[in-house]
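What follows is a pair of complexes built around subunit A, which joins subunit B in one and subunit C in the other.
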Partner chain A sequence: MNDVSETKLYRLEADWLDAALGALERDGVEVLAPVKDEDGSVNLAPVTASSEVATDYLNALIPLKSVFMPRTEVLIEYERAGVGDVEVLPGAAPAGQRVVLGCRPCDARALVMLDSVFNWDYEDVPYRARRDSTTVVSWACMDPGPHCFCTSVGGSPHSAEGSDAVVYLAGSGPALLQVVTAKGAAFVESLGDRAQPAADGTALPEPPELETKFDTGEIKTWLDENFESELWEEVSLRCLGCGACSFLCPTCHCFDIVDESTWKHGERRRNWDSCAFCQFTQHASGHNPRPNQTTRCRQRVMHKFKYFPDRFEQVACVGCGRCAQNCGVGQNLVSILSRIQSEEKP
Partner chain B sequence: MHRTGENRMNATPVEESLREAAAGAIADGTVGVVIGYGHEAGSDVATPLFARTPEQARGLVFDATCVGNLAIYLPKPEVRALGRTGLVVKGCDLRAVNVLLREHVIEREDVFLIGVRCAGVCEPPLHKCTVCPVHDPSGCDVTLGDSVEQPTADASRANALVAEMEAKSIEERWEFWKRQMTKCVRCYACRQVCPLCYCKRCIVEKTTPQWVETSPHLRGNLAWNVVRAFHLTGRCVGCGECERVCPVDIPLGLLNQKMAGLMEQWFDFQSGLAPDEQAPFTTWDPNDPEEGIL
Partner chain C sequence: MTSEEPALQHVQADLEPGRLIPVDYRPDKMRIEAITVETPDVKTFRLTFCDAQKAGQFAFLPGQFGLYSVFGAGEATFCIASSPTRKGYIECSVKSAGKVTGELHQCEVGDTIGFRGPYGNSFPIDRMKGKNLLFIGGGIGLAPLRSVIGNCLDWRDQFGEVFILYGARSVDDLVYKEELETWRNRTDVRTLFTVDPGGETPDWDGQVGFVPTVLEEAAPNPENTIVLTCGPPIMIKFVLNSLTKLGFSLDAAYTTLENRMKCGVGKCGRCNVGNVYVCKDGPVFRCDQLQALPQEF
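Moving on, here comes the complex of A and B:
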């Protein structure tokens, strides 16, 4: 992804969304945009008309990662013709060209973290293929929600990291678009005359203010020293050990691989997995190095705020707040981290 | 190092008596911990509060946000390690405790029950509260709060949501459930929050062979949710926790209500009304008129 050397701003006409959908459809590009379903949740889903798109939403329930790392995907298929005669077929081909239109900046920023992992010691082929064929256009946040804390983890309601372009919507009127990468520039081209270079001196709106809740540096310092601490026992007592927080987290990326087969045919699938599950680290011998919720809760915090920064120099959290919002027992990463920071700074 | 629950101003009379009962039970060594509800910034519903000192018990609250069923914590080894458990229960939560007693997951002396009379939670009240048969929890060690009038049971109201679903054609129902089950991400929050899903190893975790596919595709999700509904038939107490915590809002309560309706119709049985009840599927009786499968 070649970064465009200087930030380029465009003014989008009020009907830009229709123009974009029309042009992309003609080019055979699939568009995924926020859509409110019958039960009232907003998720990224294929759209063809602007009337389907939810523009005034806080964030998608299922994070953007699902576009690149689906909750279940076929890696290979196999056919058994006879004894010892097995044919192995590649899994479903990754999707063709796609544009994500209207994810939130925090979710796009999470892609930077996923990119680090999936191109690390091994280049993950399906992930990479989906990343390459997808353009990510985020909508800058004008009105963050009560659980948002992106500014505490190095992000911003207007962050452009991980996005190919960022759109600043102003109601249903004309919008501003900031090109971030070459893919973003190509997207602007598809808008034809509905996008014009913004007048000289046009400035991006100021991002809304968000209170900073903690300092990831100080937290890391505490985590470096406190693998063993009473705090882990205490904060894990109420934890249910379900996967809601990790599955809804835009940066959590652990997976499980399973074979599902009938007598002659089988699929090898990759599914989302969670470090909160009791079987996540279970060995075949029966030994489990993380035998209780205390060690599993610790792992989730350590992975995001110590191990990931140790390896990739960034925390694995973008501050979307989904984990706190969706926890059945009100477990709250922000309150755990704020407490850790108060331990560090007595 | 411990957190003292927020001492909210203006405790209500029931909260005052709750805090006093809990603090007393901790102070005199009756229990090692009282699990009740507290308030925390960032959560719309009251959160579980583990009070291990009388001071921490000052953070206990009881109001319309106390939705959760805390009976979930009773079988957990890490909770039992804290000593005898004091548990704050509403009537519906007590039904779950009764099933844990009847299935001998816990014994009565393991737990000190602090019952709170309850007129209903949430605004507007949850469906279960509008048809609640247990506003006044009975059989607790202490019971607090003003008495609440117990309306006479109305089976048609209790079954209203199921009846609405059954009025649809089978094709419509299939479309509905297909859409719902497709949403399932297999986070197992429904299982983990269920006070009666206490199996040490759930069938989806049994991998040799893998009885239930763990992939979150329609086939696997249907298998999972149907297995769960079956395993809870005659045991589920209708606390609604599974539906509340499902992050993708699958109306799991409908499945449970359907099964509960059948249990009532066929066996005249409602689960969890008493700890010594004879549950149809888990009672062995030499005088059983059915020969069964033997």
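Moving on, here comes the complex of A and C:
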């Protein structure tokens, strides 16, 4: 990924962010950038001025997936039209043109995985519409956090996968931009003279090093053989089944479809859901194929590190570390995978 | 094991590699044309598309399912229980079990409901041609079988002997009573209908006994036979044991799975059994392949 041709590197002037926000606003493009909330957490939110943008953040609390697959969205609406009949209306129109300015490379890389699912023989129209109308500009990580493990799952603090462009910030001074896709090139256009082709011989900075926590190949080998293992019960004992880890996971995409209605009017909504929840797979008869937290924890690990690779030739984890950081009981993928790694290599 | 088919063969008919089918989750409207009360908690709905163009284009294969919706209550998954050879309408048989199914049971002829589909793979009609067919159904599990039985009987000369074994808890719980009678009266179909011990009535003239027991007593010949079996998981489990005892090979037996579904198109992550997605790779599975999967269904 680092051998991008020189012509695709640009030098951005120190005030490039203001130039970008001004130009995009003029064009009617919404910009989503990291914004610090009152409680100190950072999330992607609409911005119009560079002063609102948090440039020195670790990662957003809510992952980038929410831009393409909102926590809740209206799939269809309907109105009652006479006795027993309804008029079905399409859901909310897909978003207009948007630029995400400043997500992390791991979150952008998660889009590659989500793209696989949402275009798997059937194209998910609302997801695809948002993908098509959104440009993703990520900010390369210079200072990864204690929970980051992107390099253990095939990523890098400077990964360009899933991004349309990657910006290498250097304090508040001039920055370097790497164009990855045509959408990224269009973004550079919008910067006008604030972006100039980088001088010959300009190289991308070396990514910071991260400790490798496990080997996904070895994990997969163990998972292939150990659907039945005492380890699952052991590692799931503490799990509360709260679903925080999956809601905050940039690749988890499970959803529910429910109707919310009054007598005359109704909406069919898609909401985030989680395989950690006890009713997730429960049949109407009461029978539940995954009846306890042990089987549900196993599903989550298996899905990410065995089933997903089996079907899509990639693990469904980008190493953002949110699950490790936010689990209320200190239980998470990293701790489970490290356990598995020690089983594999005693 | 030798088999004419690759693992998890029969992908959905309208899926071609490289061609994406757009899904916007918008259902087509269907009108309830007729309602048959099958049992105290099962009703069959005959449905036609409100949109004439859609009605003209619609095609499906036996074994496929749809997402049916009652506006205001939500969506639920049912197989298409009518035969694809009977054009112009579809039927589904619904057991009242919760929110959507309960609301559906309140609907009346003329009401509008929603439909998305057809989704999923189908029974292996091509492989069944020229073979003897053994259908084993339990309870409302006869619904998906009814679609393929109807199809086969409409193309009767393309198959060998046809044997239908069907059982329910009680006489009251037998679905499709009219069709059971029609099948029984045909000379080119062998039938055996049974109810669980204690479920019989004084004028019941069928068998009394659990489906697997009745199957073993009937001892159908495994030779050149394809088995299709649908019913409660516990019945399937014992039916497979009985089939093995009788000398059937499970690579010639098929069943359907009913894992909970939301999207029907491989996105919502709800229906998987191991790395297999029931909505995309199923709901029809060859029994030997099913046994090789994690037993999470």
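The rule is short, and it goes like this: the second predicted complex is superposed on the first by the 339 of 346 C-alpha atoms of A that agree within 3 Å, B and C clash if a C-alpha of one lies under 4 Å from a C-alpha of the other, contacts with A are read in each partner's own complex, and residues count from 1 in each chain.
In this text, a residue touches a chain if its C-beta (ideal position, glycine included) is under 8 Å from a C-beta of that chain, and two chains touch if they have at least 3 such contacts.
In this text, all values refer to a predicted model and were calculated from it rather than measured experimentally.
Of the two partner chains placed by the overlay, only subunit B lies in contact with A:N332; subunit C stays clear of it.
Once the two complexes are laid over each other on the shared chain, residue contacts for A:G217 go to neither subunit B nor subunit C. Using the contact criterion defined above for the overlaid structures, shared-chain residue A:A244 touches subunit B, although it does not reach subunit C. In the superposition on chain A, contact is made by A:D256 with both subunit B and subunit C. In the superposition on chain A, contact of A:D85 is made with subunit C only, not with subunit B. Judged by the touch definition given at the top, the superposed model places A:Q293 against subunit B, while subunit C stays out of reach. In the superposition on chain A, A:L231 makes contact with subunit B only, not with subunit C.
Overlap of the subunit B and subunit C interfaces on subunit A: residues 256, 258. Every residue of subunit A that touches subunit B in the complex is listed here, in rising order: 38-41, 61-62, 71-72, 146-147, 230-231, 233-234, 236-238, 240-244, 247-248, 256, 258, 260, 269, 271-272, 274, 277-279, 292-294, 324, 326, 328-330, 332, 334-335, 339, 343.
On the subunit C side of its complex with subunit A, the touching residues are 15, 20-27, 29, 69, 71-75, 95, 97-98, 101, 107-108, 110-112, 114, 233, 258-260, 262-263, 265-270, 272-275, 280, 294, 296-297.
Per the touch definition, subunit B reaches subunit A in the complex via residues 1-3, 40-43, 45-48, 50, 68, 72-73, 77-79, 179, 185-189, 191-193, 205, 210, 213-217, 241, 244-245, 247-249.
Residue ranges of subunit A in contact with subunit C, taken from their complex: 75-76, 78, 80, 83-86, 88, 90-91, 117-126, 128, 227, 253-259, 261, 263, 266, 268, 270, 273, 275, 280-285, 287, 289-290, 295, 299, 302-303, 306-307, 310-311.
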